[in-house]
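Letters are used for the chains, namely A, B, C and D, taken in the order the chains are written, and counting of residues starts over at 1 for each.
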Amino acid sequence: MARFGKGKVAFTAVAFATLALWPLGAGPYGLDLVTKVMIYAVLALSLELLVGTTGLVCFGQSAFFGIGAYATVLLSKGGTPPLLVLASGAVLAAAAYALAVGALSLRTKGVYFIMVTLAFAQMAYSLVHDTPLGGGSDGIYLYRKPSLGTWIDLERPLTLCFVAFACLLGTFVFLALLLRSNFGRALAGIRINEQRMRATGFTTYHYQLAAFILSGAIAGLAGFLFAVKDGFVNPELLSWHLSGGVLIMIILGGLGHLRGAMVGAFAFVLLEELFQSEAVFGGFSRHWHLGLGLTIIGSVVLMPRGLVGLPEQWRERLAGRRLARAVARRRAPSDGTPAERGE
Amino acid sequence: MMASAEVLLRGVELTRRWGGLVAVNRVTLELSRGAVHAVIGTNGAGKSTLIDLLSGEFPPSAGRVELLGRDVTSWSQARRARAGLGRSYQRSTIFPPFSVLENCRLAVQAQRQKPWTLWHDAYRDAATLRAAREAAAGVGLAALLDQPAGQLGHGQKRQLELALCLAIAPQVLLLDEPLAGMGAEETERMLGLLSALRPDHAILLVEHDMDAVFRVADRITVMVNGAVIASGAPAEVRANPEVRVAYLGTDDPPEGGAH
Amino acid sequence: MDPPTFLIQCLNALQYGLLLFLVASGLTLIFGIMGVINLAHGSFYMIGAYLAFALAPIVGSAFGGGFFATLFLGVALAVVLGYLLEWAFFSFLYEREHLQQVLMTYGLILVLEELRSLIVGDDVHGVRAPAFLAGTIPLGELMTYPVYRLFISGVCLALALGMWFVFTRTRLGMMIRAGSTNREMVQSLGIDIKFLYRVVFAAGVAIAVLAGMVAAPASSVYPGMGNSVLILCFVVVVIGGIGSIRGALAASLLIGVVDTFGKVLLPQAAGVLVYMLMAMILVWRPEGLFKPG
Amino acid sequence: MNRRIVARTGWLMLAAVAAALPAPEPSRAAEGAKIKVGLMLPATGTYAALGTAIENGFRLYVQERGGKLAGREIEFVRVDDESDPAKATDNVNKLIKRDHVDVLVGSVHSGVAMAMAKAAKDSGTLLIVPNAGADAITGSMCAPNIFRSSFSNWQPGYAMGEVVAKRGHRNVVTITWKYAAGDESVGGFREAFEKAGGKVVKELSLPFPNVEFQPLLTEIAATKPDAVYTFFAGGGAVKFVKDYAAAGLKGKIPLYGAGFLTDGTLEAQGPDAEGLLTTLHYADGLNTPRDAAFRQSYAKTFKLPPDVYAVQGYDAAQMLAVGLAAVNGDLGRKAEFIAALGKAPIESPRATFTLSPSHNPVQDIYLRQVVGKENKVIGVASKALADPGRGCKL
């Protein structure tokens, strides 16, 4: 059985191609928007590695994102270091925090893990918020954006957009490779049956911790891009609302698929745009949170497998209820995980 | 007992308390290569807990576990498994969404994990795949390699469970009711398999099917309320009056146990 | 810090701890028994506060006032609300993963917060404490201590006792405990687990609402008040051990002490101390102070 | 089979993306004579009420002028900033890059305003800040095209520092949330108070938005200062005032605060706020014709009591009008606009004010006392007080 259906490959390829070509057509705002979405997509991918692949529901992803962003700004306080130095600095800072948090929270399971990661993110939040170092609650500016050589200067939105694209593509490919490697397969195994993994000789704790750190590092990269894009960071980057937002992205897109994380990032941002637009909702748009909330609830109830899972879901509908139920039961242990990663 | 045989796994004075009640009470037993050691007892006698202690699912409250002559009491379950200790669970513990082949491949991978080879496609590792296919074939699942494990029949799941233990090339096998819920011919195949494994493995068998136990076991230990009340060759155990009263609940020797 | 001040601070710590417990106990109840992670718990607290604000005049005109009448009415409404929510949303979630629970309740936060804005607006409101609780008692040479705060503590203690009683001494409590450990077993006993869960959830919501209503006169009523308590509740549950009422109580008091003295002695780190505490507890006891049950 | 469907949904997604993104924008000429004002204010969350008041104030002034300023029609574009600085840059870019607004107005939350200031600075778009008091906006972050119609956190604090000193208090404790606004307000207070020979014996603070004040109140009681200065707003302000009274300190240790302590919160605070002294650039009972007219028409139009936030919104509109008048509605002539607005007096309901070199109002700070449900003016705490605009190179 082919591991990646041609359709999926085609879809991914088309998506990336469109992203690559987009900036050429778009105006300055279109450019901004697509850059932002791509950055969120990187963040979503980092979380997908934890939630969709390893089965660890982390509710503190914003902490790594924010730390990456803050590291970027604080490192360039004295004068902007070269791009690569800055980026790796941000990534390392995030990874370091991930190491600390992961080592502790992985001692817990399930609901516990969710709350603990959340609490640790909140701790990072209040650290940044209460210490003058990062400009406190008002946030702090990144005055000069980094550059690499003469032709990659992130002051130029177009360049930034392409760099973001490169990062997204890089992350995607990296994770795709990782998923088919021994490491990735082991993570999948842990998601589905940790007890058996231990019984067969995997020290699951180490695998999970490695995944956690990796995820934190990628989130840090996203944070770096975000700081460079906005040129401004604020404690709210670490707020739990963002963590929630990213979770929604990957669920909306479809858990257990890399492309799901990307689709989710797009879908989520577009939803926000939609509900905020006065053109559509008129005066009511000031209560746009209502629509957003209802949509989230609805999507959880109606499409547990997310957007990329929809075709499958419909097919099962067509295939008749009994079969649908059977399949649902078969899929139960790893809700929404398609055969693709199961073989 | 058979002093000549080499002892692979030894549990000494193993005890496990849950708050007040004692699940396993100062149990000592040895598994030696070439022998099937059956542990029988009523439900809740502590058989599964004993296996958990031996395999390192959780640590004992007191006592010691020796694997291949080394004290492994402080070792994690994973480390014991890598050292050659395989176990099966009472409820099938497999990877339902994965194919049978992938189930076995993962288990084999445990022996050569190499997590850092990120660029390597786990499915292209010929050696691992070969070992995985062998493991599957070994339990008679060769025909079902591409089936999602979740779709297998109950008996087949039990076989796969065993395959996952064998895939890590263990020297000691701890089997928790491998025959539970199996049909007649499935049982036969499983027993044949056990006999085939006997020569170069040390096997602990927890089983309710008395027929099977008395057929394959070289040695039987009887547990009641977490403690061992009798241990010895099948004949001795069958003759032991204490066992009859406490467990077999009858005075006439159990020919065909499960009636 | 001179002895009398120290004693007063201890009183503050105790009082704050009890208030935390009042809010968090509902959360830990729903966690422990139904294994549902409910982010909207803070919103229920918020709803409680606004109910206290909105109901007071209505009750006043209908039954000629009465603080406890208002409380009762509010809690009754909360039970209904909880029952409906369980029926409408949460019953979907038991078989689902925690992740989806997180998301649905997250969505619920947004919805409830906006509905609040639509119905009662975005203004800050005060709720008057009942006359017979409005007094204060002298404490130290300058300070007085508001009777109402003592009343809150009283409610918390009563609630703690009540929960303890229900769980250890009543058939319902026994069924609930059994249900939390083993659904099938309870069902086989012919107990309607669905109904049981609905009751538990309603109770959890009711407790949160009660907390909001009781706290309202002391804390005032303002938008977004729910979110600030939510995370603290999580920390309480984590430290105490999921589903453990005793644990929640112990953790609340612990946090009360750390927070109170932290603000005074280490103002710089005050924001982080509570999380530090949690981290240390996790190192020491990953399962929390008290094992579930 | 599945492939086709997957691919199809893929195309749909992309189509959706494309649809949502505006294709290359229309040229500026096509916009006609309208002036686009981008209102970036909180419509959701804790500060929603303030956002509404500011918007109302702004719209009121424009309405009074028949919807036109300097002969050019005003068109509004609104964005909800959710008081979330993390989204601020994207939101403000929506206004600048997507809607091509000519003027930015916002916001309430200082963090958001900081992000707006940055974007305004980079893009050169005019920005009028109708509330956020962060000193930096007209300090280290100041720019020719950034104006403020409200105040700087420093101002009310400084004024109160003078007052408290005049009233003969020597040892004072300050208490606030541990965040920028609080620190800056307290900073202003200390500066004036210690210059006048007073001494701040203790600076108490608690993490934002924590409202468990009891331990700190106990600390105050133990310290026994002559007076307490505080900066709190919204729900925190309500709870602090009530707790302060409940702790029995109200009668014994006088409490002074920046005006927000008692603005929009009196209904909630009830009798506990009675008699409190606060400083702010606006007050009830000014009884100037200008103020009376404003209040009347505001109350009539929106069925809401006017407050300081409404005034700030109203004045933001006035400032825009003044600038536009100077260039006859031609925003192309930015330099002239800025120069004119920099000099012009603004006939605000609060009293006429001018702008400092760093574009922050040079205004009278009133001393107000809570009487019933009003912050009655009882005098001017500091006449024509100008923010020092530290770090500003204008």
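One rule holds in what follows: a contact is a pair of C-beta atoms (placed from the backbone, for glycine too) under 8 Å apart; a residue touches a chain by one contact, two chains touch by 3 or more.
All values derive from a computational prediction rather than experimental measurement.
Common partners of chain A and chain B, by the touch rule above, are absent.
Chain closest to the overall centre, judged by the mean of its C-alpha atoms against the mean of all protein C-alpha atoms: A. Averaging Cα coordinates per chain places chain C and chain D 35 Å apart. Averaged C-alpha coordinates give centres for chain A and chain C that are 32 Å from one another. Averaging C-alpha coordinates per chain places the centre of chain B 48 Å away from that of chain C. For chain C, residues touching at least two other chains, in rising order: 113-114, 117, 270-271.
Each of the following residues of chain A touches two or more other chains: 126, 129-130, 287, 289. Contact with two or more other chains is made by no residue of chain B. Pairwise chain contacts in this structure: A-B, A-C, A-D, C-D.
Residue ranges on chain B touching chain A, taken from their complex, read 55, 57, 76-79, 81-82, 86-87, 89, 93-99, 101-102, 105-107, 109-111, 113-123, 125, 146, 148, 150-151, 164, 167-168. Note for the complex: chain A touches chain C at residues 51, 57, 59, 104-105, 107-108, 110-112, 114-116, 118-120, 122-123, 126-127, 129-130, 240, 244, 247-248, 251, 255, 287, 289-290, 292-297, 300-301, 304, 332, 335.
Across the interface of their complex, chain A is touched by residues 31, 35, 37, 39, 89, 92, 95-100, 102-104, 106-111, 113-115, 117-118, 231, 234-235, 237-238, 242, 268-272, 275-276, 278-279, 282-283, 286-287 of chain C. Looking at the complex, you find that chain D touches chain C at residues 44-46, 48-49, 52, 178, 204-207, 209-212, 214-219, 221-222, 224, 234-235, 237-239, 242-243, 246-249, 252-253, 264-265, 267-270.
Those residues of chain C that touch chain D in the shared complex are 1-2, 5, 8-9, 12-13, 15-16, 113-114, 117, 121-126, 128, 136, 138-140, 142-146, 148-149, 218-225, 228, 259-261, 263-264, 267, 270-271.
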